[in-house]
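Here the chain labels run A, B and C in written order, and each chain numbers its own residues starting at 1.
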Amino acid sequence: MVLGQKLAIMFFLTGKIMRFVFFFGFLFFLIVGTKTLVGYDSNQVIFFFLTFNFVDVVAQFFFREVYRFRPKIVSGDFDLTLIKPINPLFQSLAGGADVMDLVTIPPLLFAVFYVGSLLNPSLLHVAFYVLLLLNSLLIATAFHILVLALGIITMEVDHTIMIYRDLTSLGRFPVDIYRQPLQGFLTYLVPVGLMITLPAKALMGLVSLPGVLASFGLGLTAVFVSLRFWNFALKKYTSASS
Amino acid sequence: MDKAIIVDRLVKNFEVTEKEPGLTGAVKSLFSPKKKTIRALRGISFTITPGELVGFIGPNGAGKTTTLKTLSGLLFPTSGFVSVLEYDPWDRRPEFLKQIALVMGQKNQLWWDLPAIETFELNRAIYEIPKRDYEENLKELVDLLEIGKLINTPVRKLSLGQRMRMELTAALIHKPKVLFLDEPTIGLDLVAQAKTRDFIYEYNKKYGATILLTSHNMDDLVNLARRVVVIDEGRIIFDGVLEELTERFAKEKIISVTLSNENDIKRIETIGKVKRMAFPQVVLSVPRAATAVAAAELLQNFPVSDLTIEEIPIEDIIRRVFKGGLKRK
Amino acid sequence: MNKYLQIFKISFAQEFAYKANFIMWRVRNVFQIFLIFFLWDAVFSDQGRVVFGYDRTKILTYVFGVMLVRALVLSSKSVDIARDIATGELSNYLLRPISYFKYWFTRDVSSKVLNIMFAVVEFAILYLILKPPFYFQTDIFTNLSFLISVGVAILIFSTLIFIVSTVPFWAPELGWGSHFLVTVVVVESLSGSVFPIDVLPQLVQRVLMITPFPYLIYFPIQVYLGKIGGFQYLQGTLISLLWIVVLWLVLRRVWSKGLKVYQAFGR
């Protein structure tokens, strides 16, 4: 059964790579034909796209276990998670990491480096980029914790995750392309803009230090809020089960 | 029709690819798969007359379920001849399918989130049952199975026993002439089991339906099937009446004696194998052929106040059948 | 005929039992439309711009067209066939006097009806919010040709899904993987769901138009826009019909082989 799963994962991997290649191809031809997109040149647009993929893949690598959460709640196996001596949040978030994901991360990293270097960023900007990427992961963590907490309360994990994925996929392009109020919504409320557009913009020198700090503030707040929500959900769960 | 079911030298093999563990194994299996042949049925033959109720027993993996699946058209015979109601099941003709039903313990056909009545209605359309017949059948089944109040409840809210009764209704709503039942009482509590058995018995008697059931459950066989077919490792090793099974496979008989005094009680071991020693009762098992001699010896040489000769309980025989390793005589 | 009507009804009822599921599916569809809409809106922010033969009106009409055509062509319940085969549920259908293909096709139709109902509502709402310059086709003949090409697209997609769904006969674990690969990724990318095929270079276009995928979304919309007509239309329709025949033959072959290998698992 294990190896059957491995084969299946290879199919998914191939699918994901194909999807990346196709979309990248489309983007490429689009840029070639149109030269700029909301004021960004082709390299920049590609960089936005790569950053999105990087954040997406890394988040999935760390939090794959979340996709296994729903069956655990429905069947009651979550109780087993609760009695183990390891923090149940940690168990539900991490631990599902798949070696296969490591196949996709290095080439992406390389692509990010390469295209990033084409933009000639200063050292400070690179530092901002890295910091804001970490912030992105913070926000992604907060999201996933939120999803898990919602899952405990409503048992609806799968859809919430897919909505998260759909929303973040709007970040394939710089959020500037979206008109208001959608743009504001995506930048501040459902922080796709913060997660993906902002770090890339930082590399391009478009973000100042206060901006970086403010984002971090938001990121940390997000994590804090989601943790509180998780604890709330846990309390509700343990008091409900008989 | 002379025979409802004819099976002649039926062989069924399964090809299974053996995969080695690990990623290299997976890749290898793509290019040079190592195939293993599982011989599920090694040439079985039997016939069943319309209206018979026959039990198929045998240890796990013997080929019981495979037989039922082949008879209902799900599996393709490797070789041999199969005919049910004078149709070739594999052709899966609508006229054939309208007259049979296969009920397997785990496989359910009820739509999970909707009330059972929806599935019944669906089957009515699929089997093209005339309205009046449908309503009649439904009423009879609902009464027989006592599910009247539940047919409008979503299936997922029913208990296992209730669900099984709904499954039976859905499977029988078209009043099939031939019924294949695979482990019909599995997972049910004792009361539900008895009720299911009663239902099957009634159904057979009332409609003259030909019923083939497989079971692991002794009570099913003892209380239901008159004729028993024993399958082991893909071969039929017995086909006949239940009582004959004992005669054929029980190599011993049981002699129970009540002794009036305890003297020399140890000597009784020379007569036969002591199964239970609890003065004044002693239970011995002796080889079938030597029963009369052993009884005579006991009466002559021991202070016997009572003596009975019995067959080995059918349950023990069947238990041995399930464990496998029953040798043909 | 009555049996399939019943199936249609029960399938419809089933979707309502999974209301949340369905609503989420529609919400996600809307998000995807947002992405494409704003992308093209940004590309064509300069009002008079013409790129790849598209002006703002035509491209945004394309996007809104995708919304409706997707609901008609790509919504399908047949992805569950793979699960039926892998779990042995298929046995239930083999035992009853019903054609498995017709059964699933009917379920697909019921799903498409439900989806198009919602898509029309979403179309109306989004139209009012985003106010795209939508091009309403008035020529009756063109509209008829459009409907025909949608019907053809539905047949192509159905046979494609059925074929992909037979993988579990030989490799039960690969059911979802193969569906993801073909039905999701390949179809999404090459059918014209995200971008019209004619933004690609000529050579690539010509190759793609020999495959069945662009005929799912791109071709019908182009017919509607009036960009494909006459000889091109006939040529395209011929290729799609050819594909239906080929796929159908492959399906029959693969299916009958699959049934023989089917072990009717469960126990």
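Criterion: a residue touches a chain if its C-beta (ideal position, glycine included) is under 8 Å from a C-beta of that chain, and two chains touch if they have at least 3 such contacts.
Everything numeric here is computed off the predicted structure, so don't read it as measured data.
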item	value
Centre-most chain [mean C-alpha coordinates]	C
Far-end chain from subunit C, centres as C-alpha averages	B
Whole-Å separation of chain centres (CA-atom averages), subunit B against subunit C	47
Centre distance in Å when subunit A and subunit B are each reduced to the mean of their C-alpha atoms	55
Where subunit A and subunit C are represented by their mean Cα positions, the distance between them in whole Å	29
In subunit B, residues with contacts to at least two other chains	none
In subunit A, residues with contacts to at least two other chains	4, 7
Of subunit C, residues touching subunit B in the complex	2-3, 5-7, 10, 13-14, 17-18, 88-89, 91-92, 94-98, 259-264, 266-267
Contacting residues of subunit C [partner subunit A, same complex]	20-21, 24, 27-28, 31-32, 34-35, 38-39, 41-43, 45, 51-52, 171-174, 176-178, 180-181, 184-186, 188-190, 194-195, 199-201
Subunit C-facing residues of subunit B, complex	14-15, 65, 69, 72-76, 92, 94-95, 97-98, 100-102, 104-109, 111, 113-114, 118-119, 121-128, 154, 182-183
Of all residues in subunit A, those that touch subunit C in their complex	1, 4-5, 7-12, 14-16, 18-19, 22-23, 26, 29-30, 33-34, 37-38, 156, 159, 162-163, 166-167, 169-170, 172-173, 176-179, 182
